[in-house]
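To start, the structure under review is shown below, and the notes come after it.
Order as written gives the chain letters A, B, C, D, E, F, G and H; numbering starts at 1 within each chain.
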Amino acid sequence: MLEEVLLAGFGGQGILSTGMVLAYAAMAEGLHVAWIPSYGPEMRGGTANCGVTVSDTPISSPFVAEPTTLIAMNQPSLEKFETAVVPGGLLLYNASLVSRGVTRYDLRTLAIKANEEAEKIGNVRVATNVMLGAFLEITGVVSLASAVKALEKVLPAHRHKLIPANQRALEAGAWVAREAGMNITGRTTV
Amino acid sequence: MLEEVLLAGFGGQGILSTGMVLAYAAMAEGLHVAWIPSYGPEMRGGTANCGVTVSDTPISSPFVAEPTTLIAMNQPSLEKFETAVVPGGLLLYNASLVSRGVTRYDLRTLAIKANEEAEKIGNVRVATNVMLGAFLEITGVVSLASAVKALEKVLPAHRHKLIPANQRALEAGAWVAREAGMNITGRTTV
Amino acid sequence: MPQVFFDKERCKGCELCISVCPKKIITLSQEINSLGLHPAAITDGSKCTGCGFCFFVCPDLVVTVLREEETDG
Amino acid sequence: MPQVFFDKERCKGCELCISVCPKKIITLSQEINSLGLHPAAITDGSKCTGCGFCFFVCPDLVVTVLREEETDG
Amino acid sequence: MGKILMKGNEAFGEGAVRAGCRFFFGYPITPQSELPHYLARRMPEVGGLYLQAESEVAAINMVYGAAAAGARVMTSSSSPGISLMQEGISYIACAELPAVVVNIMRGGPGLGNIAPSQSDYFQAVKGGGHGDYKLPVLAPSTVQEIIDLVELAFELADKYRNPAMVVGDGFLGQMMEPVELGPVPDVQLPAKTWATTGTAGRNTRNIINSLYIEPEELEKVNLRLQAKYQEMEITEKRWEEYRLEGASLVLVAFGMVARIAKAVVDKLRAEDIPAGLIRPITLYPFPDLPVKSAAETAKSFLVVEMNAGQMVEDVRLAVEGLRPVHFYGRTAGMLTTVAEVTAAAKEIWEVLK
Amino acid sequence: MGKILMKGNEAFGEGAVRAGCRFFFGYPITPQSELPHYLARRMPEVGGLYLQAESEVAAINMVYGAAAAGARVMTSSSSPGISLMQEGISYIACAELPAVVVNIMRGGPGLGNIAPSQSDYFQAVKGGGHGDYKLPVLAPSTVQEIIDLVELAFELADKYRNPAMVVGDGFLGQMMEPVELGPVPDVQLPAKTWATTGTAGRNTRNIINSLYIEPEELEKVNLRLQAKYQEMEITEKRWEEYRLEGASLVLVAFGMVARIAKAVVDKLRAEDIPAGLIRPITLYPFPDLPVKSAAETAKSFLVVEMNAGQMVEDVRLAVEGLRPVHFYGRTAGMLTTVAEVTAAAKEIWEVLK
Amino acid sequence: MAVSLKRTEGLTNKPFHYCPGCTHGIIHRLVAETLVELGILERTVGICPVGCAVFAYEYFNCDMIQAAHGRAPAVATGVKRTLPDRVVFTYQGDGDLAAIGTAEIVHAASRGEKITTIFVNNAVYGMTGGQMAPTTLLGQKTTTTPYGRRPADAGFPLRVAEMLATVQGCAYVARVAVNSPKNILRAKKAVRRAFEIQLEGLGFTLVEVLSTCPTNWGLSPPEAMRWLEKKMIPVYPLSEFKVPEVEKQC
Amino acid sequence: MAVSLKRTEGLTNKPFHYCPGCTHGIIHRLVAETLVELGILERTVGICPVGCAVFAYEYFNCDMIQAAHGRAPAVATGVKRTLPDRVVFTYQGDGDLAAIGTAEIVHAASRGEKITTIFVNNAVYGMTGGQMAPTTLLGQKTTTTPYGRRPADAGFPLRVAEMLATVQGCAYVARVAVNSPKNILRAKKAVRRAFEIQLEGLGFTLVEVLSTCPTNWGLSPPEAMRWLEKKMIPVYPLSEFKVPEVEKQC
């Protein structure tokens, strides 16, 4: 098994830490894992993305140049990385911040209004974890329970009060994916 | 013709400028010439020596590792460089500051009490030019007249009043060499 | 009467203008600009004294203020 | 009576001691030391007050001065 | 403690702590900032010192001072900052002090950018500073290996009384991977009888110096240094071989690029192209032995670097014209991707086969 | 003016003046001090500026500023000072500014000594600073040639918008030889439309910069730089051949050492040993062509340097294993004498013949 | 007569990359307005530092040079000596000027280089992620003083204006702040005075500007303004520390 | 009781390499005597500069380190932080400290490093052949100011003691001279005070010592002493510029 996940969006969406949640969860399940951010200019703001490789054999290249899954959290990220996904790969995008939609029809695609889902939970910053929940539900790379446990590692102690919200986000994403059916082959908006 | 002259002594004896007088004179006579000092530690004092190569063909190595002539202005210089002189070469040393004398008997050697000669002229600092005068008399590498003219180039303008003394030093050295006979093969003290 | 304009596309919603307006007539609008931020806007332009405080503190050259010169300027 | 000694082999003949001795009893000797220099020497030791000026200014640790401590030292 | 996920930059810091290093002097620069951030927090926990210098020049000279006083000491920076350290590194090498310097290379020249790069290879291995000196230069390619090689760097530094360098690129510094960390070992540092610690209890003065005004003296020092480097060249060459058996096309790559190269080798092998990889772990001394022996059987070499072609010279020096040595590289933080390198390799293979 | 006797260090200064350089920024260091002394006196005579910087780091950045403003500008130093300039040189290379840097090399590493040396060869030609950049590096071997090559350095710097370096050793700096000096030419400097001189009279802003935060942008810059270097490698290799006809044993040496090597060749030829010499005048780009063509007929090479063996690598890269390449060198200011080198050459010849 | 406060042509149209509420933008405006008001924009060459203002060459509407970290005063020296009739300024942060660039600023001042330095003191290394600067306050937490700046490890805040005022080549040194409209107007006056003195050829001029870094201070921009006032100004008092001799007399 | 003024065991027997009449030798003696008198010689580590005092490691009878040009304060920081209970001093010339080493000395001071710096100001670069130093007087001829130092090209004399006195981490800064027995005794007191304050752990201490360079000034040693008094002291007044707070109060 080799999953190469690219999470992309803008700074402040929690892209990097959601990637870490996946990485920690996979490590806890005994898998090989690598997490690599694209680190930006020597300044604040701008785009943020990271690649997470999860494998049952040692990982040679940790770079996610041709992701098996793309989680695109906004329009520019979708546009930039859509073409890179391997044929037949998985594309999850945040329909709250994507207006134009996808151009590739050879991918399994799921559009999730992640901001809205997150706002329902009461914190727009958990939107990326909504996407992760969906990803886990679809791929089963690691269990949702492992991801929930990983939150403890990723969030600093003084932010542990946010664990319940993040857990609900993961669950919400999983629910959306379940509702959308597991074998998504075309475009589906929920 | 290739003369490789090593002048050695201590700082303040005018070693470097006497070497320059030879170099300028030779240049004026249309010869190829190179002057190279051994430059000392980043501080005052200590030893001073320079090599002057005079040749009628272009000079490849300007280093005087095996001098054809050594002009040794004090005991340590004599001891240090005596062995380097080419067999059959010329050795002029300043008998005023050399007590132990020479150990090589395959050289043409002339001992000159250069300090005394210089003090006669009234300036101990012209001692090295006494030696140069003798050297020129013996070898005829350049004329004494050229050396006298070269003094103008070597001495800075505000020291031109010292030219007569230096000229007398050159002449005194030439006289000593003449008196000692031109084909000196053993040790001779004047 | 003084007039004040905000170039909303340059505004980063930092609220510095809001914090200095003596008339408290600046707020962040509900709108979102192309930077994805809520830009500052005037609530009641008629109250504006043209004091220019908003202009002075704005780090992003968002504000323009038109006003009459003081008599003994 | 104070006594002053010069370690002539270390002396560089700089004349600083000469320039400060209140009794003018230091000169450069005719002798030449192993540095090839004329070292400083005392002309009339009996005039020495033990003031130590020569010691203080000598940069080359040439001078030793032996003296009695002042009464209220 | 089991496995934890750690950033490369932090691993450099933790590796140092575990090697018994308790003194760090540095100056901030991207993309290695997490290293000083980590140590600013971590050093006080283990009774150590994190000190932010006023510049890289000051930092390397603080390292010189601490090393002279007997400390196990480290500094780190990135390319422009390492350039500023060249005089200091040359001094440390000549004064024969042990110390570790980390360079998380970024795109150059000039201010360049902060993207990952390997373009300081020459500077590291040929001597960016003046004079004939060398540093053992180690190039980890995983986060776990960072920990191991930082420790090795300190050991080599002490063994040879010579500064050692560990190099990575921005990606290695930024990425996270699991590392296995035991409890912090209680490192017994070797006694340093030569250190300037005050003469108390000794009847000689210790002097740390790199000035030898007499050429004869300085030549002696140089001969001693050269003897050390020869000893390193005999003893310290380290490399990894990957699927070299029967390889006709041998890739050579170090650091993060070697991981890409591994993936390339796998891809090529999957297509029945007999490729293999030599990954230098020590950049100096350069592991010419495996290259030379590969040159006897392989048909061609492909050196892959994130620069305009630097290590390729050392490979050519080892191959000595026996086989063609090709180069593929991208500069300025542009990633050499698996796809690109595979394509480059196939092109060579087309001609070869 | 006819011939005058001139010190090498002064010739560097006079060469600069004659090349139209009117700005010099430097910091004192032995054994190049006569160069700043000369220019401190000379520059005001020609309406130029001698400015003593607070350090070598400041000096090279003043050079950067003056070059950006369109000046023909030079700095000079010796080994430790040149190490301190590495960041600045890398910046100048990336910002594509013309400037000339003189290095009168001394014994290293560390503070070393002030005796002549060639041990900064690697630093000069491989890039002592960070990133993939190169400088044309010129190595005069007579005082007359200093004047000529300093002028050439300024021309190359302007032609390629790239810093150029001229290297010598302490002896070359200290020795005097006759030079032929005409009247000071009235140099017309090429127009520098890119210089930051204020926008007046222009409708674009000029910007001097080495920051390209996007890898794609910085890669473009690097590709442009590499293209320049390739152009230099095609156009600018310079060397002298001495008695190469029928030479079985080819010496390779640069700078002052090449003069010793010439004397050695003469000695060997006098003893009927067919020796010859290749003297690289440009150290970068390295003149591999004559070495390659000599490798076809010669039996063996002997590289002579005043270091522990640096240019020998470039010779080996050119020879590509075709012939044995031997090395003879002394470090730390110890002179490689005619006698020693002759002996080394004869030893090789004994085996060869 | 209708006057207006509007964007100056001393700046390009490029939006600043600075964080929301970062006062680098205000300081840019003050400098640019001054260049326009004095009519010197097109004979000005500006030098930007390494720091958050590294991209200033995209904003100032004049010829610009990007300098190595801390070396802007040396670069400016090279420019001014080559082109003595041009106006030259450096724009530098506190990491750039007061840490790595200490020697360069002291000696540009001591040589009396006829340049103007705008010194932006925000008590932190902004660009590289909020590390301690020489100007960081005691107790202040940064990414490299996680336990707060303690003098025993990390020394004391460096008062650059006071230090440079002792240097003879310095003609004008002032410290201002941009935390309120009033202080911003005062800051503008100081910047203008500095450039005027450069034009008069009286020597080196420097304006230290207390500035905010909301991002690395972890404060909202208005909070950051208050922090500047409450915490920074007591340590870094606002004043003119040196004015040309002639002015002092009258 | 018989007392004597004699060679201190704080120095080795090696004769100094300094030029005749060079006051480096006097300053060496003052430092060495102090180390002996305070009983700290065997726990002292000294750092010598690049300059005429580069060989000081052959003279001070304690552990010594030779530092890169200007970097002695950084080296001293490395030593003192590693061995906080040792006494650490740097001995630096005016080229070393006030030119290339400006950043290092300012920041060692600002960090309040508990070290003592002996700063030998002889208004010239001695070792390298008499070039201008930052401290060279206006009008003074040197090998790089052949027409005399002119402020327009070469700037002004830098007053280091005054400058460092503004730096908070500095506990003690004094300027003394060694041109007469009286001043030498005063200089000794200042050196002693500096080491005492280091021992008390109060912060950074520096003694600037006006010193002669007969060789490069082109004067006889006694003339050089007079030149120091007549020319240098007016530009570099002798004083204690900073003393620890506690002392100030009493």
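The criterion applied here is as follows: a contact is a pair of C-beta atoms (placed from the backbone, for glycine too) under 8 Å apart; a residue touches a chain by one contact, two chains touch by 3 or more.
Every value quoted in this text rests on a predicted model; they were computed, and no experiment measured them.
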For this session: Would you mind checking the shortest number of contact hops between subunit C and subunit E?
Result: 2
Exercise. Chains shared as neighbours by subunit B and subunit C?
Worked result: none
Exercise. What whole-number Å value describes the gap between the mean CA coordinates of subunit C and subunit G?
Worked result: 26
For this session: Would you mind pulling out the distance in Å between where the CA atoms of subunit E average out and where those of subunit F do?
Result: 29
Problem set entry | Approximate Å spacing (C-alpha centroids) for the pair subunit D, subunit F | 54
Problem set entry | Centre distance in Å when subunit E and subunit H are each reduced to the mean of their C-alpha atoms | 40
For this session: Scan subunit H for residues touching two or more other chains and write them down.
Result: 19, 54, 66, 68, 99-100, 102-103, 106-107, 127-128, 134, 154
Problem set entry | Per-residue overlap in subunit D, given as positions that touch at least 2 other chains | none
Problem set entry | Per-residue multi-chain contacts in subunit A, two or more chains | 41-42
Seminar exercise, completed: Residue set of subunit E touching subunit H in the complex reads 23, 25, 49, 51, 53-55, 57-59, 61-71, 73, 87-88, 91, 95, 196-200, 205-211
Seminar exercise, completed: The subunit F residues in contact with subunit E across the complex are 57, 79-80, 82-84, 86-87, 90-91, 93-95, 105, 107-115, 117, 119-120, 122-123, 126-133, 209-219, 221-223, 225-226, 307-310, 313, 316-317, 319-322, 330-334
Exercise. In their shared complex, at which residues does subunit G touch subunit C?
Worked result: 1-7, 11, 15-16, 18-26, 29, 180-181, 184-185, 214, 220-222, 225
Problem set entry | subunit B-facing residues of subunit F, complex | 3, 5, 30-31, 113-114, 170-171, 174-178, 256, 259-260, 262-263, 266, 335, 337-339
For this session: Flag every residue of subunit G that touches subunit H in the complex, lowest number first.
Result: 99-103, 106-107, 110-112, 134, 151, 154-159, 162-163, 165-169
